[in-house]
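Residue numbering begins at 1 within each chain, and the chains themselves are lettered A, B, C and D in the order written.
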Amino acid sequence: MSNTIGVGLVGYKFMGKAHSNGYRQVAAFFPDVALRPVMKAICGRDETAVRAAAAQFGWEEYETDWKKLVARDDIGLIDVSTPGDTHAAISIAAAENGKHVFCEKPLANTLAEARQMLDAVQRNKVVGMVNFNYRRVPAVQLAKSLIDSGRLGTIYHWRAVYLQDWIMDPNFPLVWRLQKDAAGSGTLGDLGAHIIDLARMLVGEITEVTGLTETFIKRRPTLAATTGGLGAAAGAEMGEVTVDDAALFLARFANGAVGTFEVTRFAKGRANCNSFEINGSKGSVRFNLERMNELEVLLDDEMPDVAGFRTVLVTNGNAHKYLSAWWPAGHIIGWEHTFTHGIYDLLNGIAAGVSPAPTFEDGLRCQAILDAVERSAGSKQWVEPEY
Amino acid sequence: MSNTIGVGLVGYKFMGKAHSNGYRQVAAFFPDVALRPVMKAICGRDETAVRAAAAQFGWEEYETDWKKLVARDDIGLIDVSTPGDTHAAISIAAAENGKHVFCEKPLANTLAEARQMLDAVQRNKVVGMVNFNYRRVPAVQLAKSLIDSGRLGTIYHWRAVYLQDWIMDPNFPLVWRLQKDAAGSGTLGDLGAHIIDLARMLVGEITEVTGLTETFIKRRPTLAATTGGLGAAAGAEMGEVTVDDAALFLARFANGAVGTFEVTRFAKGRANCNSFEINGSKGSVRFNLERMNELEVLLDDEMPDVAGFRTVLVTNGNAHKYLSAWWPAGHIIGWEHTFTHGIYDLLNGIAAGVSPAPTFEDGLRCQAILDAVERSAGSKQWVEPEY
Amino acid sequence: MSNTIGVGLVGYKFMGKAHSNGYRQVAAFFPDVALRPVMKAICGRDETAVRAAAAQFGWEEYETDWKKLVARDDIGLIDVSTPGDTHAAISIAAAENGKHVFCEKPLANTLAEARQMLDAVQRNKVVGMVNFNYRRVPAVQLAKSLIDSGRLGTIYHWRAVYLQDWIMDPNFPLVWRLQKDAAGSGTLGDLGAHIIDLARMLVGEITEVTGLTETFIKRRPTLAATTGGLGAAAGAEMGEVTVDDAALFLARFANGAVGTFEVTRFAKGRANCNSFEINGSKGSVRFNLERMNELEVLLDDEMPDVAGFRTVLVTNGNAHKYLSAWWPAGHIIGWEHTFTHGIYDLLNGIAAGVSPAPTFEDGLRCQAILDAVERSAGSKQWVEPEY
Amino acid sequence: MSNTIGVGLVGYKFMGKAHSNGYRQVAAFFPDVALRPVMKAICGRDETAVRAAAAQFGWEEYETDWKKLVARDDIGLIDVSTPGDTHAAISIAAAENGKHVFCEKPLANTLAEARQMLDAVQRNKVVGMVNFNYRRVPAVQLAKSLIDSGRLGTIYHWRAVYLQDWIMDPNFPLVWRLQKDAAGSGTLGDLGAHIIDLARMLVGEITEVTGLTETFIKRRPTLAATTGGLGAAAGAEMGEVTVDDAALFLARFANGAVGTFEVTRFAKGRANCNSFEINGSKGSVRFNLERMNELEVLLDDEMPDVAGFRTVLVTNGNAHKYLSAWWPAGHIIGWEHTFTHGIYDLLNGIAAGVSPAPTFEDGLRCQAILDAVERSAGSKQWVEPEY
């Protein structure tokens, strides 16, 4: 039986649930994982809620103070699944305590914080990994493999969107994600960070950007004014939306490729459309998270009568990364499996003493691009990221 | 400039319009056609209507009696675009007058008529061709080319449907297509004939069938009871529907393949879904008339990581039949272009003295299968076509 | 905290892994489940393998004799995830011991066995449920909800295929699934059972069928002749394939609808295409397991300019069954989640003393239809199921 | 019978063929057209070629000097289907001669030329229309109708690409389209003009842009160095590509919407992907020219369980513009039909004395945006169009 590592998780809502599932599932599907996680404690400020989460998600104990959590001797890995404004403090404290850190994306709310976080894991010689989970969709790995092996040739174009529509109702309340203090930014950090990270992994470094941000609905009812739900009474107290509803930018890559990026929460009918297309001199690929088990692939295979994009069902354990752990070909996996894949690689990385990509360095570089887009939107000029 | 041939067309409605367009367009897009058609006369019983059709569709003259038409000296080709109950009489008379015959599908309303028609063209040594126009969709030709060249391997499965929904309203009136005397059968002859012909062209001869037919709405308002449109007043005179609304059958092919066939006018939301899939030992193809410029193609090309159906946009003049006549790759053609292709092949066939497929022999064989399906639906047993 | 029930699972391969996952996950995602499963023991004849499976999948203990398992006092539910030839013996013994039974599909290898199994659970007043897991795809539940609420109107057509391609290589060896003694039948029982069950759930009872079965590759290398894999040396020992490679049949339903069914393992490029279409007087739906988070829906909503099939991403917890347990809208679930859903309903059924559908009665009726198809393929006539 | 107008066409290649077809077909399908075109003369400098074109495409005569053509008394309409560097001279001369003008897109190679052309048609009180033919795809008209009637609500996003791949081979020669003198620009004017025009029609006026242009392959073999085809011998004479291979830009619209635009000839596998998506507060639409008979439509129709994009087959003569002229629902039209629609509207406009949109004013505004994108690509700043 393999060795184990104690895990402490901060956050118990959407991300906490998804991360918990990853720890619970990893060894059942990847029995060769180098370290088996022991789910020691989950942490949150609301004791009633976090106690229930511990019971439901399979944690041995719970904590209500992350400072106690990061100091526990039985824990070797701290998982930071909180809103962005606490990533830096928790991650740095964890690293200072010699814990490995698995941090939700984006790494931080500011570029300065991200630098400090990278410095903390490097100084303390712990593993740091950012959970850009879409890197570990098997179809995305297939795209990477086609690029890395040269089967797409020289890359000319990157074209990505991340489209959602969950705040289009003007009565949707002023939640923390719509306030700059807590969220850092709106769609840019939440959705833009994902597609920037994919672009960096698949195409390469970005050298300059020009962009715009837009807030379509500038004032919304405060949470207090809404009775827990979406409905705001007439005359409800209103507050200012301080983040972007949409962000669009163009980019140049170091390798000569050019790219478009667009993120929005105002694309009616698009629940979770994280989609990209890459065009190279020998082929192209297309991906859409809503059909995440598929990759559309065009290869210049010298049969002009049947040239066309193939719809590849990326479920073949003999040919596709991570899939041999799951089911026979043709049996699709779900969204949360990307977390299990990430945790598998993370645990192997910890065992080997290596930070798996996306590292905190990757997180910092993503942050620098987010920062450049914001500066460009302000200056109305092309801007270079400050790596 | 090439030689010419005078054409006389019987029928001026839906099919008459489509055939007229083919004669008008063929030499503009296929300047190498061996005989240029001269649109001599269009024929119909309603003089006012046929005169207007002649003017609109570009015919020099009109006739109101097909017997006069088939006897004209300036006409070398008779085009029979009438309902099925007149195909035999017109085609046989045309052949007896030494005219070549282009007949709408299905060839006849009965197997006996079809035999007489084949006999007439053979005896009079004229060209006879049936307008199963879907043979000449470029994507269908691509499927044929993949099969004929062995790229799909041994064929195991044929799976075809032709789904429509235009008579689902119970108040839709008792038009001629719903009466056995005029139409011969319902969906079976109208839609089933098309997919039987495609199956024969692509897979081969059918040796036995088992099937059923069904009439979902058994009585409908008479045409007289409806004021020209769909609306039937309460208490309107009703008449019996004497043809099938749907027909389903299974078939065995001479080469060992097995097939399913289904046709219906009761598939809500399916305007014109003439669709098939063929599975062979080395590959598969899928076609749908509603996206007739595409063929989905799966080839066993030994790259398991990118195995998948390709969506081939069949518009490449360098690789796809008939397309060099039209537009650059990526510019799609329309439904009526299949008639132009058929007329192009017909005129070349006449010049060469050869009946192009689908010949009247093909029409007869299709009729024999329609007949076998009807007998099977009655006897509730497997039945062999009487070729 | 809810009450618990001890579970014993027979079988530890593909199905054993999927069922184990269901028991491990159910309470983490459905904390309201009426009985929490305690994973007592997994059972298999190969001690080394079953010990490893117990460790990997999270079972407390293992057994090598199912007779011991079904007699254990700490177990209230026996899960039968073995090949079909042992379903009857294990299920009946479990019921005789007062255990509830969750049995893989098809219920049995013969109609007679199925009758005995139904009798056993009824006589012993235990819950019996068959794992036709595709009933619990949320998109399939949406189809059912549209039908049950009348939004599709009167159902006219059922059209289903289950297409795979994993035995097309003639060198693929003679595994147990290709031998009638163990498997009962080939595609008919393996794949046909699934689409028959869906048809019964969605459209209703089947009154008669006509069909054919076909074995394309009649002799294959024995397992002994292949060195564990696919490769058979020249001159390898060959054995006879005694089951069908494909089965096709037509059916009439009690409510007047007609249906086509086709199952095959010779559809090149189709990994796991379990797909159906239903046409009713007011609407239609289409489903394909390879995109199991989607349902295509056509509703007659009186806006003719925008009539068309909607691609519904069935991931909305506020509108779609089972989804509130998982993730926000737009985050898809995987194939194995259907087992978790089934186990959730099963455990609630046990708590309530009710066998959830598909019950053993449903399993028996499916078996009767499989039996009728086989008889029809032999007699070449329409045959009625012997319910 | 309606009145007639004599037509003279300059240009006989790709566009000349498509325009000729429009004149030949318009009255056969739109018998209510207010003026029937008489195809007087086609004009080109190569007498042999233009004579053949006249014969093939159905023109009464040919000319080799456009100055003679625009002066003919029997001609009332001049159609300018030449490369962009001659649009201004021919159009202005035609207008000065009192002829109506139908000019290919983009209107001119420079903003100054476009202004002169607009001035000429206004001063001479003739009809001027630019052939942005994609306005007259029925699916595009459906999008417009949904927007104009408010069914999409407030428009937030425009997202368009026009992707091709026909010059990706580095040995593809230096044709006129790759030289700034003749073509004005590369993809920007050729493809960008189309999607700018669609954006203006569908969303509204553009107020500012930021963009980039890129030339991936900067030197190519001269036409002289290639033997008529693609192959360039080693050591072939090379010339500089003086236009863009790709152009990307962001835009703000006067109504508050934001947009992305991308055009390229380096998107491997994309033959003719002119595609857009529009997101409004109540709905969204998606279009792709390669499936030009379809529009994907999402409407917020308050049935959350079936929310999803509908694939509308835009072929219903009772509900969709231009379609009643063609075939029954479900029978698709081809690319060239957009020209027939444009000519139908043009001829009706001439009869009514009104320039149909897109007018020369529309052409000028498009030109101003192209000009702004080029200036922005140079200055690396946001730029306003100089209308």
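Points worth noting:
By definition in this document, contacts are C-beta pairs under 8 Å (C-beta built on N, C-alpha and C of every residue); 3 or more make two chains touch, one makes a residue touch a chain.
If you're wondering where the values come from, they're calculated on a predicted model, not measured in any experiment.
Annotation of subunit A and subunit D: jointly contacted by B, C, touch as defined at the top. Two chain pairs are in question, B-D and A-B; the one with more C-beta pairs in contact is B-D.
Farthest from subunit B in terms of Cα centroid separation is A.
Between the Cα centres of subunit B and subunit C there is a gap of 41 Å. Subunit B and subunit D, compared by their mean Cα positions, are separated by 35 Å.
Mean C-alpha position of subunit A lies 54 Å from that of subunit B. In subunit C, the residues touching two or more other chains are 307-309, 313, 316.
Residue ranges on subunit A touching subunit C, taken from their complex, read 1, 14, 18, 20-21, 24-25, 27-28, 31, 52, 55-58, 164, 166, 271-273, 289-293, 313, 315-316, 326-337.
By the touch criterion stated above, subunit A contacts subunit D in their complex at residues 152-153, 156-157, 159, 161, 163, 165, 168, 210-212, 214, 216, 246, 248-250, 252, 256, 258, 260, 262, 264, 266-270, 277, 279-284, 298, 300, 307-309, 380-382. Taken in their complex, subunit C has these residues touching subunit D: 142, 145-146, 297, 299, 301, 303-313, 316, 318-320.
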